[in-house]
Structures are given as C-alpha cells and as structure tokens.
Amino acid sequence: MNLLLLIGLPLLTAVAVLLSRNKEQVKWISLLGSMAQLALAFMLFFIFRNERATGNVTQMLFEQNYPLFSSLNINFHFGVDGISVAMILLTSFVVVAGVLVSWNIEKMTKEFYFLLLLLGMGAYGFFISLDLFILFFFLEISVIPKYLLIGIWGSGRKEYSANKLALMLMGGSALILVGILGLYFAAGRSFDIMELSKATVSLSYQHILFPLLFVGFGVFTALFPLHTWVPDGHSSAPTAGSMFLAGISMKLGGYGCLRVATYLLPEGAKEFANIIIILSAIAILYGAFATMMQKDLKYINAYSSVSHVGFSLLGIGMLTQTAITGALMQMVSHGLMTALFFAVIGMIYDRTHTRMVGEMGGLMKKLPFISSVFFIVGLCSLGLPGLSGFVAEMTIFMGSWENTDAFHRIATIAAAMSIVVTAVYILRAIGNTVMGPIRNESYLSLKDAAWNERLAAIILVVGILAIGIAPGWLNDLLRPAAEEIMNRIAGN
Amino acid sequence: MNEFFTLMKSELVVTAIIFLLLFIKISKGIQHSSLLSLIQVLLLINFIAGFFFNKSGGLFGDMYQTSPLIVFQKNILSLAVYLISLLCTDWLKKTEHLPEFFMLMLSALLGMFFMISSGNLLIFYLSLELASIPVAAMANFDLSKKRSSEGAMKMILSSAFSSGILLFGISLIYGITGTLSFAAIPQLLDGSTLQIMAFIFLLSAFAFKLSIVPFHLWTADVYEGSPIATTSFLSVVSKGAIAFVLMTALYKVFAPMQDVWYTMLVILAIITMVIGNLFAIRQQNIKRFLAFSSIAQVGFILVGISSGSEIGITAVVYFVLIYTFSNLAAFGVAAVIAEQTGKENIDDYKGLYKTNPFLCWILALALFSLAGIPPTAGFFGKLFLITAGATKGSYTFITIAALNMIISLYYYLRVIRAAFMDKNDNPISTIKLNASVKLAMIICGAGILLVGLLSWVYDYIHSLSL
Amino acid sequence: MPNVTAIALIPLLPLAGFLLLGLFGRKYLKNSSGIIGTVLLLASTILALYTAYEYFFVYGKVAGVYEKFVPLQLTWLQFSPGVSIDMGLIIDPISVMMLVVVTFISLMVHIYSLGYLKGEERFPTYYSFLGLFTFSMLGLVLASNIFQIYIFWELVGVSSFLLIGYYYDKPSAVAACKKAFIVTRFADLGFLIGILILSFSGGTLDFSTLIERLTSPETNEFKAAAASTFLGASALTWGAALVFVGGAGKSAMFPLHIWLPDAMEGPTPVSALIHAATMVVAGVFLVARLFPIFSVAVPGVLEIIGWVGAISAIVAAIIACTQTDIKRVLAYSTMSQIGYMMFALGVSKYGGESGLGYTASMFHLFTHAMFKALLFLGAGAVIHYVHSNDMKDMGGLRKLLPITHITFLIACLAIAGVPPFAGFFSKEEILLAAYNNNMAIYWIALITSGITAFYMFRLYFNIFWSKELPSYTKATKGKEGGFVMMLPLVLLAIGAAAAGFIPFGEFVSSDGTVLHSHFDLTFSAAPVILGLAGIFTALWLYKKQNDKPAKLATSLGGIYKMAYNKFYIDEIYLFITKNVLFNLIGRPAAWFDKNIVDGLMNLIGNITQSISEGIKKVQSGKVQQYAIYFLGGVIVLAVLFIYIWK
Amino acid sequence: MQPGLYHILFLSAALFFIGVYGFLTRRNLITMLMSIELILNSVNLNFIAFNKYLWPNQMDGLFFTLFIIAIAAAEAAVAIAIIINLYRSHNSIDVENAEDLKY
Amino acid sequence: MTGENIIFYLLATMSVVFAFLSVTTRQIFRAAIYLLFTLISIAGIYFWLQYEFIAAVQIVVYVGGIVVLIIFSIFLTQQTGEKLPIQKIDRKIFAALAAFAGFALTMLQIYQHTFFETDELAVTPTVQNIGNKMLAVDNGGYALPFEVISILLLAAMIGCIVIALRTKTETK
C-alpha cells in the first residue's frame, strides 16, 4: 500500500476545496474527501493486519524512501507499524466527525474546511514519517491552522488563546528542534528513525537530549506544568477545532514522546522516567481536581483532557510493555472520546447558546439523542467498562503495577484515585446539564441533532465501543509495536 | 578578452543598463509608464542573463573573482531587484525621477556585484561605498517628505562613520600584512591582539551594513523614512550581498582567526536575535516592524555563518533566496497598501481579509515564511541555518536561537491577527492590484511555497558551495 | 458438562433486550417494550432454572463434591503471557444459585413494573435499563476472571445509576444517583487496587488459578506475596482487604452505606431488584467468590469483614427504627440484613462443618432476596396507592389492600425470623455460625434480630393498622394494583414462606461438599423470643394511633435524635467532600492553575513586553547616540576578545 | 628623536579619535561632516605611513589613499545634498532636530 | 633634533591642534578654516614623507574641492554670526570617554605589535609609476578600482542632482 496516499488524499481534497465555487461544494467535497480518508485508513488497517497475519514481522511495513535534501541526508522516509496505524485510524475518525459537525459554519467556509483538512494532513504525515526532519515538518505544519481556526472562528478570548497555543507549541517545537539536531549529529548525520534506533548515543548525550525532546513533545500533549494552552485553546476553539486539537494534535505529542524521545533515547528515558511519572501523576490528579471546579463545559473537558492525557504519559514513564500499550490505547481512546465530547458540547452550545453548566438542565427531555451521547461520552471519560477509556486505563494500571517498587506503586495508586474524582466531575456535569429540571423555558423548543451531527456522533461512538467492547484488535495492533520499543529500552 | 566578457557578464549587463538609462534620461523621449515597463523588461533580461556562461575565474590580478556560486548569489540579487521593480510599481509610477532612481539602484547593485566578486580589500571597500552611497540618495527620493531626508541623513552619516572605522581597520590590516589581496592576507595572520582589533574594526562595518546589534540602530529609522522601494532594496538586496561577502571574508580572509570570530558571531547572533525580536514586538509601523524583524533574521543568518563550513554557505545562500521572496512579498503588500491608502500602521490592517483576501494570503505566507513555519520555505531556510549552526556542537546557542523563534512568531502573528481576526468597521477598502504587482506577488508566493519543498534547489546550492 | 449456549444466553437475552429497546424502543416499540423485556427475561429465567436443575441434579456433583466448571473462556484483553482479562462463564453452586435469584427477582420486577410504571413516557428506556442491569448482574455472577467481575461490577453500578436517576428531572433523584455512583466508585478504587495486588501476586487474573496459587503455601506466588509487606501487612492481606472495600461499597456496609437510603429515589421496583435483592449483595458474593483466599490465606481480613458486617447490621437496625419514609426503613433493613450475610462470612471458615457461616450467608442471601423483594414490591403497591412514601400518610390500609397486606405480613414475619418462614432458617444458621466462632458478634446479631422484628412491625402496623383515614376509600382511590402487580407479590410470598425449607447446605458450601443443617430447638429459642418481643413492642406502640411513640422518642432524647439523623454520617461525608475535596483541594488546584501556572506563562509574556518597552530608549532617533553605541560596541568587543577571552 | 612609523601612527590615531569625538558631539550636520573628513584623513595618513615605512615595495597604500580621497569627495557631495534637502524641510541643520524617526 | 624632525613635529602639532579646534569651536566658519589648516598640515606631512603626488591631490581635492563645498553649504544653511548650539554635557563626556578609550586601546595594541617589514626593493611613487599602475589591468594594476570609482562618482552626481534640485522640480 502506498502511504503517500495518506498525505496526497487530504492535500487533494484541500486543494479541491480551495477551488470549489460555493459553500455546498466545499462541504460535500470535504465530506467525501474525509470519508475517502476513513476508507483509506480502514484499508490500511486491514492490509496491515493481513500482512502481520501472514507472518511479516518487519518492524515497519510499506516502507518508502525517497531522497529529499540528499546533501543533508534528509529523506522522505515513510512506514507504519501498529502504533501508526492506530493513530491514523483515530485521525480519520476525528476528521470525518469534525467535517460533519462543522456543517453549519457560515463564516469563511472554504477557508475553514481548507484548514481542517490541512490539519488532518499534517497528522497523517506525522504518523507515517520515519524521518525526524519530515516528522518535525508535519508537526509544525499543524500549528498555524490551529492558530487560525481558533483565532478566526473561535469564541471568547480567542485571540489570547490562539496566541498562547501557537507560542507554547512553538516553544515545544523549538526544544524538539534542538533535540533532533542533537540526535542528527550524535548519530552521524542522520534523521532516519530506523537508523537512529540502531545507533548508540552516548549516555551524557542521551541525558541532555531526552528531556529536550520529551518536554518538547510534552508541550504538545499537555505535560504538566506546560499544559496551560490546553484549557484556553480548547475552550476558545470552534467545535471542530477543539475536536482536532484534543483528538489529534495532542496525540502528536504523545506519539512523539514515545517514538522519538523514549524509543531513540532509551537511557535518557530510564534516567528521567521517575520525573515523568511524578509529573504525569500530578497532571492526572491535579487536572481532575481542577476540572471539578470548572463551570464551563469546554473547560471541563479541557481540564479533564489534561488529566486523561496524563495517563498516556504515565504509561510511557512506567516503561513496561503493557503500560506503553496502555498509553497508546489511551491516546486512541482519548482522541475519540474527547473529540466526541467536544462535538456534543458544540451541539449543545449551538442550541442553548451557553456552555455554563449552571444555566442548563433537563436537556434530556428535548434533546434525547444529544443527551444520550453526552452520557456515553461522560461514562467513557470516567472509565466505564465497555467503553474505550476503561480498557486503556486498566492496561496502564496493569502495566504500571509490573514495577514492583513502592514509588511506582504509589504513583499508580495516586493515578487510580483520579477515577473517583473523574466520576465526581463527570456526574456533576451530566447531572446539571442533561438531567435535572429544565431551568430555561426557551429550551422547551429545542430541536434534537440533525443528520450530520448524528452521523458524526455515531461514527465516534462506534469507535469508542469498538475499543471498549472488543479491545483485542487494538491490543494486537499496538502490543507488538510496543514490544519493539520495550526491546530497545531493555537493550536487546 | 573573451574571458573578460563571460566572467564579468553580470556587471557588464548592469553597467549597460545604467548607461542606457542615462541616455534615455538625456533624450527624454519616453513616457513614464512605458519607461517603467522597459526597465522591468531590462531587469528581467538581467536576471535571465545571469544563468548563462557561468564559469569560475579571476580578473585584474584576482581583484575580481567569480564562480558559479558567486553568480548564483548575484542572480538572487538581480531577481530581488526585478521583483522590487514590479512590486513598487505604484510608487515608481508616481516618482518623477524614475530613470535616476533606477540608475542609482543599479549602481548600488553593481557595487554589490563587485563586492561579492571582490578579491581585494580595495575593491571591496570601493564597491561597498558604491553599494551604499547611492542607496543613501535613494533613501531621500521622497523628496518632499521630511522623514525621507531625515532617514537619508542618518544613513549617509552613519555609513560614513562606519566606513571611517572600516578604513582604519583596513589600514591596520594593510600595515600588518602589507597586502590587500584576500588570497595573501591569511598567510600573515596569526591572531595577535592588533589583528583582533583590526578585525573588530572590519567586522563592525559588516555588522553595520547587516544591522547586527549594537550596530543596527540606523536601520529602523532609515527603513521607516525611506520610500518602500528603497527599504525593500536595503533590507533584501543589501543584506543579502553583505551576508555573502561576510562569509567570504570570514571563511577565506580570516580563516586563521576562526576561534575568535566564531565566539564573536555567537555573541552577536544571540544579542541580535534577542534585541531585534524585542524591538519588533512593539512596533506599529509596518516598515519599522519589518526592519526589526529583518534584524532578527540577520541574527539567524549569523547562526548559519558561524558554522564556517560549506553547510553554512549553502544554508545562508538558500536562506537569502527564501528571505528575498518572503521579505519582498511582505514589503510588496505594505507598499501597495501604503501607496494606495497611505496607511502604514499594523492597526490599519485590521479586517483586511474581508476586503483584500489575496493580499492577506500573500502577507500571511510571507510572514509565516519569515517566522519559519512549514510548509513555507522559511521553515527549511531557518532549519538549515540552525542545523549549520549546530555543526559546532554548541547546543546552548542553538537552543537560544530556537527559542527566539517563539518571540518572532508572536509578533508575526500580531499582523496576521490584525489582518485575519480583528474586527473593523472601517477596513481598508478593496485595492485594485496592478498586473505587475500581482505577478510579482504570485512569483513571491510560489517561491515561498516551492523553494522549500523542491529540495533540488538546496542540493544545487550545496553542489555549488562545495 | 453444562450447556454453554444455554448459559451464555442467560445474560445475553437481557442484553439483547437492552440493545433492542435502547436503540429502537423510543421510536418504534413504545407500547410493546414492556412485554418484549419481560418475555426475554422469562426465557432467561427458564434457562437459569434449567441450568440450576442440570447442575445440581445432573452433572454438578463429581465424587460427592460440586465441581466448578468453566465452560467458556474467551480472551478479551491480553496483558502478558498468562495475564489476561477473559470473558468466561463460571458454573459453581453460588453462581448457579445467584443466576436463579437474579433472573427470578428480575422477572418479578419486570412483571410488576408492567403495572407499576404503566403510562410512563420513558417506559422503553426503563425496560432497556432493566435489561442492562440484569445483563450486568448476570455477567457479574458468572464471571470467571477477577477483572471480568470488576467490569460487570462497574456496569452494574452504572445501571443502578441510570435506574436511580430514572426520574431525571427530580433534583433529589439526580443527587441520589450521583451519590450512589460516586460512593461505590470510591469503594471500587479499593477493589481495583486490590485486584492489581492480587493479580500481580498470583500472576493471573483467572479466579480458579488465582485461588489455587494464593491458597497453597507451597507455591512461589504465595511465598512472594506473603513475604512482601507494606505497613506491616503482607501484600496478600492488602489485596484481600482492598477487594473487600469494593465489596463493602457495593453492599452498603458501614461506613460506605450512605448511598443506599438515597437510592430509594428510584422507582420502587428498581429498589426491589437492585437495592434489595441483587446488586447490593454483590459484595457478599464477591467475598464468597474469593472465600478460599480470605479464609485460608488471610484470616485476619475475614475478622474485619465479620466486624464490619456486625456493626453495619446493628447500626442500620437502630436507624431503621426511627425513619418514617417506608422505603428508607426498608433500605436500612436491607443494609442490616446484608450486614448479617457479611459477618456470617466473616465468622466462617473454609471447608466442612466449620464452613457453616458461608452456607448460612448464601442461604440468607437467597431468602433475603425473596422477602426483601417482596417487601419492596409491597411497599411499592402501597406507594402506588397512596402516592406518598411517608408512614404518616398511611394507616389502616389492610382492608383496602388485602393481597398486599397479607404478602407484606408474610415478608415481615420472614424477616423477623419467625418460624417457619424463610428468614428464620437462614438467620438461625447465621447465629449458630457466629455463636461457634465469635461470641461478641453473636450477641450483636441477637440484639439486632430483636430490633429487626421491632422496626419491621412498626412499619407494618403503621401502614396497615394505626389510624383509620376516612379519605382512603375504594371509591376515591380505586382498586389495589392489577394482576401484573399482584402476581409477583404472591409468587414472592410463596418464596418467602417456603424458601426456608430448602436444604441449602446440600447445595452450597464453602468447599462444595454437602453440609447438613442441624436444627437445635434450644438454640433457636433466644432469637425467636427476642423477635416476638420486638413484634409485641411494635404492636403495643403502633397498633393504634397514640402518643406513646412520641413520648418514647422524647424520653430517649439524644439517642433518638442521633438515630433519626442517621448518626450524622451523611453530614460527615458532606463536610469531607465539600470542605476537603472541593474547598481544600479542588479550589486551590483550580486557583493554582489559573494564577500560578497560567500566570507564569503570562508573566513570561509580560516580562518580554516590558523589557521591550524598557529598552526602547536605545532607539532614540539621535544619530550621534547611535554612533556612540557603535563605538561602544567596537570597544567592548575589543576589550572582551583581547583581554577577557584569552 | 627621529620621527618614525609610530609617531605617524600616533598622530593619525589622535586625529582619528578627535574626528570621532567631533562626530559624536557636534550638533551641526556640516560640522559632523567635517569630522568625517578628519577621520578619513587620519586613515590616509595611516596608509601612507605603512606604505612608506613597512611596504615600500608596492604602492598599495598610496593607491588606497587616492581612492579614499575620491570617495570622500563623492560622499561629501551626496551628504551635503542630503543635508541641504533636509535643511529645506526642517529649516535647521541641527542633528538634534532631526529625530522624528525613533523607538 | 634635525630641521627635518622639527618640521614634522610642527606639522603634527599643528594638525592635531587645528583638528581639535575644528571640532570644538562654536563658530562654524572658523571650524571650516581650522579644518582647512589641518588638511594643509597633513598635506605637509605627505610632502615630508616624500609622497608629493598625494600631497598635491590632497590640496587639490580637499582644499580646493571639499572644503570649498563645505563652505558653500555653510553659506547656504547658516545665518551669519550665529553660534553653533552647545551639545549636552553628558553626551560630551560619553563621547570623550569613548574616544579616549578607543584611542588608548588602539595605541596600546599598536605599540605592543611588532610590525613586519618587507626587505624588497622600494618603488618610488613617481607620477609615472603611479600612472602606469593606475591603468594596468594585470596583477597589481588598478584599472578595475578606477572604473568602479568612476561609476560611483557618476552615481553620486546623479544622486546629488536629484536631491539638490528638488525645488526646481517642485515648481514644475
């Protein structure tokens, strides 16, 4: 399978959007394009599984390598393993849903969809890159669309949030840049991940480069205390923007933390694992407690994202195969869940014109579909079995517990404590919005979800359920890849 | 003699155009607008001519040297001049001294050509003056504007002062080595303190022309005061040429003192980036804003130069090419708006997207490229500069450089924000773009998008710089 | 071998009902939803009974012992070789017994609800939730893997949440469902960590393997687990204790019981099903499931369990005496009865005669399901008729609601331990087990049984005797609920009356061997007399409306007030959540985020801005000043590189 | 004492920095220009001295001086033109008055 | 102390003193005249060094050209009898400090440095030699700089004309 399709298709769609003449065309082209991406992602998934089933155990499949800046040894090197495939699937789900929920964007429709598709393309490119330079290129490519999406179509303190987001992400990129340059020179002028994974980088170098890379990518994935762009950015963004931000963009960081920082610099990872664990445990609990005090639905989800993403980082910091698998599951799960959450919040906001929990109530009566989805996503967030969040969190806990010393155990227990706090804030949110008496008479005339919203929600719910009910396929996808990473860490 | 024509081709073409313009001026036969078109065609010819007969070699006892890389550098400058002639059509049409303006500009260009090709301190000094005195006159071309003359005055005085110091340095070098030839000087350099002193005098002149902090203070004032055509010439062509020469000077002439100048460049690069960025944050006038942003960009160029290897040369040449497109696009937009509405403040750009989406996208592309955001070429340019800077292994330096990109992003976003996001009841009305302006903007836009992604450009430069 | 399909269908049929009604109920199956749900559950019940028959009488016994079968086990999520979450079916005496209980009670509730909730707008939703609950509960009892039980444990919790919050527009219902979920969730945290500890120690998540490895002192796992200690207790102790915390939460043991009385906000049939007969005994079931580990490996934990159960039993009984909301009285009584089951396990040992407590506990679980469901459904019928939960609004209903009255009386007698009703037998065994092992608990249990009889009959007299309210006539209020409501009452009443005669020890015992119950008249005397004393006190106080209860209440003073206010446990919780969780942690965290973390970022921005503002004077516009900087730059560089750098 | 290279270098350096001082302190633009001429002259002196005392085998220094003189003339001419133009718009050639462009 | 030496010291002192006076006097006209004297003294030093051609050029170009230009521009821009404005004292102090520091530093380095001397045969700077070199294109010839400076002078001329003739164009 030609992986370039994954970049080409969104790019083509984006260009087609630019060339289209009216809003209807824009919307339908985007929808068709994103559906095609979804189909492509599924195709990739099945072909990948098939390859693996037929005994192809090469670490990366469908590798392609074209020289780009040959004098600097930069190559268009692509390839996927299970992690990438999972992330690509996630991306395609969120892209379709994002396109669908933005159906009623009136302002600058063409530009909006163009940027959305560009963002998606950046993510695909990022996940298939095996060359750090190209990876960085795709990582950076997504910063400006995010900025514009928030700044132009956002709400609230949008300029401030957009600025903060762009600058903090830029700060992260700056660190990453230094980190990958360090790797480049340390390993004899190569950006190639596969080559770097075989190179030996001296200990002292690893100890410098690892924090740079990890913190750099950490900014993207809301590593405590560099998470402050998350609440503001997410809450100010338009619905699809928040979905992309939390659903895809934050995963870029997590993926980078694992694939680049941890995988390529295992000794550094070991050295700093405890700090990662402490920070992520703090993020988990602190994010959860901070969420508890929020009154705006978007802030609730944004802070809870900090908490949930903390789990992925915790999993990475635990450095066991199961925990890493769990961390990856959490990324996928959180991506779907949070995208859905934002979609639902957007739907509610479109109708009630408020996001304040205190001003709603009894939405179940008039908006049964939306409310039910809200319910499902809330339950997923608090880790209910049968939904994806549970699977991921439990895998992380199981993996974390494999470390037998008191430090890791206490961190695990602390992280596990968040499930109670999560229950508190999710139920508060649910209880005050969809349940309870109707506080505002005007809500009695609200209309339930339209077809596009239903479709978007259903796509994401299906994703959540597919992981929650039968996690085996995802596990099979991620575990061997995590094993490769663990092998490198363990030094075999 | 045949060799003379092929090797000095670039200079000869420019000289020919200067004299052609002189005759036209004297005969006074041609109308203003057709004259402009003629000039634009001539400049295009000049640019295209640059691609033929590229050979290495020296003339006049190696006072003049050339090589494919040097010709390529000259071509970048020619291209920039051509683009300026297109972008500033509006202003150029209005000015009464059109042929004179171009004569001056081309003289300056000629000076830069000689400067890039120079193999001798004398010719270097002369061409440096040739490249700056006419520009000072050009700065005063908004004859009736107070600010224009003020800017010109600041420029000519500062530049005279700096060349005084430069000359003092050259005289010391001459005293120490007894030669002015680039090839002979390094043989007698051993890094004694007087040599360092002389080198610093010399470097300060480079720093002055390149606007390296703390020798940069004239920059913003002159940029703001001058007509935009002059400003863009100053900020792109002049900067580019000096950057090229600085590399020759450092890598060839002062090669024995590499330890000294490396550290010096690191210090200068850091303060240049930081100060340039800090000043740019606060600017309201778009020209002044771009002035400080270009100072910060120069800091990045220094990062590349500090590498002292062919990676550095490649990165700098590549960056200057990209910078040409990006900065000219930004200046082009500013020029069109300033010329048609008289508005030069960033706040005036609020709500621009509603009325002028094309201009906004070009502006956005340009600024993103300057900020180093993919997929624009600026990303690659900056990245390669930093990569070049990292060859020496000083990661603190690289980290500071990389972190500076945050501040720079901040102020570029300010403009973007004004144009795209801020609401304005009275935005600048829709501007009708001249065909040549549009053409130039499209060229710039295409350059910004393609130079980075088409990697052979970089590889080609690399093959030249080996 | 058991029939896998049949067993698998038992939970899957309600699940099908849930999906069917949940997805299409509201639109397409509005009217038929109740019937669909009931029919599916009927099928499920029949299968359960069939399975029970097959197991107990056909193939279950191998060499005189009831074997444990795991006819189906699918890997659901593999963690590492040997450690995986499996979805399996376990067939052993207690799971079969629970299958019967759950399906039967659930069926009763399904039928009952047809009448009770008739005309509700969200009827299909209600049935789909019931289906979900039944599915989860059945999954829980059939779980073959400790993580599987946790999964269904949580699902049970959420279905309980959904059903309590069925009247979602009532703020009190919303509060109650939230409370129920959060409190049990808190307990589940313990359960989860317990699972982590046990599974890590045992190197497996599978029940059978786990029990096998952690009960025999020879295995490496056992040695390792016993050797690693934390705060003076071994890993095994911690694991078992934490698992019990989970059980205590779900079973509303003191002090995690506070959610149960509030849970009565749900529809009454739901209370009968979830908060009386099935879900709340999950904790007991869990302890029973892991009983070998508790009893063999960590008997200390078992002692804790015994005491927690005993305290819950008596505290709840005391509170029940003072409540006036009839469902709350029943809720406390439930808690008290579960306390019985819990301490019965706590005083039990593994194997043979000494395992009497185990059998007794399961026996009581079984009988309690019958009479408590009956009590709730009866109370439901009363509420349905009176439209109030409060005793004060009732009285003299015996003539108006004859069937309800009789069945309710049977249930009261059963719970009071009056022979020959079911409660008598099971309670007798529990007391005997306690007597054999722990006298202190025995005395508590004895007193509790007296109090139980008192408050149950207080309830009974208050509803059906006491005052005669003229407003209640057949004319104004219509008839007692229809056939669908009465049928379950009658069926359950039969159960409550006769279940005691089942020779339970034949079927269920700690190690699968047969345990013969021996009946000792002298031993039974004390509880029966105490029970009767309780009944007569209630009769004296509440038969007719009078001021004796009020006087008694005033004479008891503080004690009464404390009991009436449920010993202020709710308030303590409220204090903790509000002041500690929200004000002490949540608020500072939010503040910290907004002001410190966020502020730091903004501060960096502001500092940059103000530096930028501060240095603007350098660019003074004066060309000579520029030259000074120029010269200064040259001199500084020169000095730096000539004198300092070298 | 026989005057030699160092004496002339001392002299030229003195002239140079007197010129610099003048450039930095004179408020009149024309006098600033005069200071520039001083600076250039001192450099010329340097070149001639080096040429004479150290490198008499060639005439590099001499030629350099010649060209500097020529450039000084050109520079002065342009500068004066600009100054006169400035004078027309400002009615003053005080450098302190020409500071519209700043910050 | 020979007469030759005395002449040198005299010229040197004159040039320094007049230079100093030129940058400090408050009468602009006097400043120009002092500058003139300095330039003439320097021409004298060229004579003293036997670089007669340079001395001649110095007098022709500087005294005859630049100083005249300056004086003309003074006439154009200055009311008679007006004294030059006084610079702020702190600026003066800073400038003096910087200039002195620069001077001290430079002299220190120059004295510490031992200059290398050629031992090749000296070339006498006769007008003929200079002329030959000036237009030679081979190694050591100065034809190219000559061309460059001619362009520069042309450009400067154009610039001057455009800028200085502003009023004329305005009236058009």
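A, B, C, D and E are the chain letters, set down in written order, and residue numbers restart from 1 in every chain.
Operating definition for what follows: a residue touches a chain if its C-beta (ideal position, glycine included) is under 8 Å from a C-beta of that chain, and two chains touch if they have at least 3 such contacts.
Because the structure is predicted, anything quoted here is derived from the model rather than measured.
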Shared chain contacts [chain B and chain C, defined touch]: A, D, E
Given chain D and chain E, the chains that contact each of them: B, C
Selected interface, A-C versus A-B, where C-beta contact pairs are more numerous: A-C
Identity of the chain that, by mean CA position, is farthest from chain C: E
Centrality ranking, top chain (CA atoms only): A
Gap in Å, rounded to a whole number, between the CA centres of chain E and chain B: 31
CA centroid of chain C to CA centroid of chain D, Å: 97
Chain centre separation in whole Å, for chain D relative to chain A (CA means): 65
Centre-to-centre distance between chain E and chain C (centres being mean Cα positions), rounded to whole Å: 102
For chain B, residues contacting two or more additional chains: 122, 126, 129, 133, 136-137, 140, 143-144, 152-154, 157, 161, 172, 175, 178, 193, 197, 220-221, 282, 410
For chain D, residues contacting two or more additional chains: 16, 19-20, 23-25, 32-33, 49, 54-55, 58, 63, 67, 71, 74-75, 78, 81-83, 85, 95-96, 98-103
Overlap residues in chain E, where contacts from two or more other chains coincide: 91, 94-95, 98-99, 102, 105-106, 109-110, 115-116, 118, 140, 142, 145, 149, 152, 156, 159-160, 163, 166
In contact (per the touch rule at the top): chain pairs: A-B, A-C, B-C, B-D, B-E, C-D, C-E, D-E
Chain A-facing residues of chain B, complex: 311, 314, 368, 373-375, 379-380, 383-384, 386-387, 390-391, 393, 395, 398-399, 402-403, 405-406, 409-410, 413, 416-417, 420-422, 455, 458-459, 462-463
Residue ranges of chain E in contact with chain C within the complex: 91, 94-95, 98-99, 101-102, 105, 109
Sites on chain D touched by chain C in the complex: 20, 23-25, 32, 95-96, 98-103
Of all residues in chain E, those that touch chain B in their complex: 105-106, 109-110, 112-113, 115-116, 118, 137-145, 148-149, 151-152, 154-156, 158-163, 166, 169-170
Complex contacts: residues of chain B adjacent to chain C: 153-154, 157-158, 161-162, 165, 193, 196-197, 200-201, 203-204, 207-208, 214-215, 217-218, 220-221, 260, 263-264, 267, 275, 278-279, 281-282, 407, 410
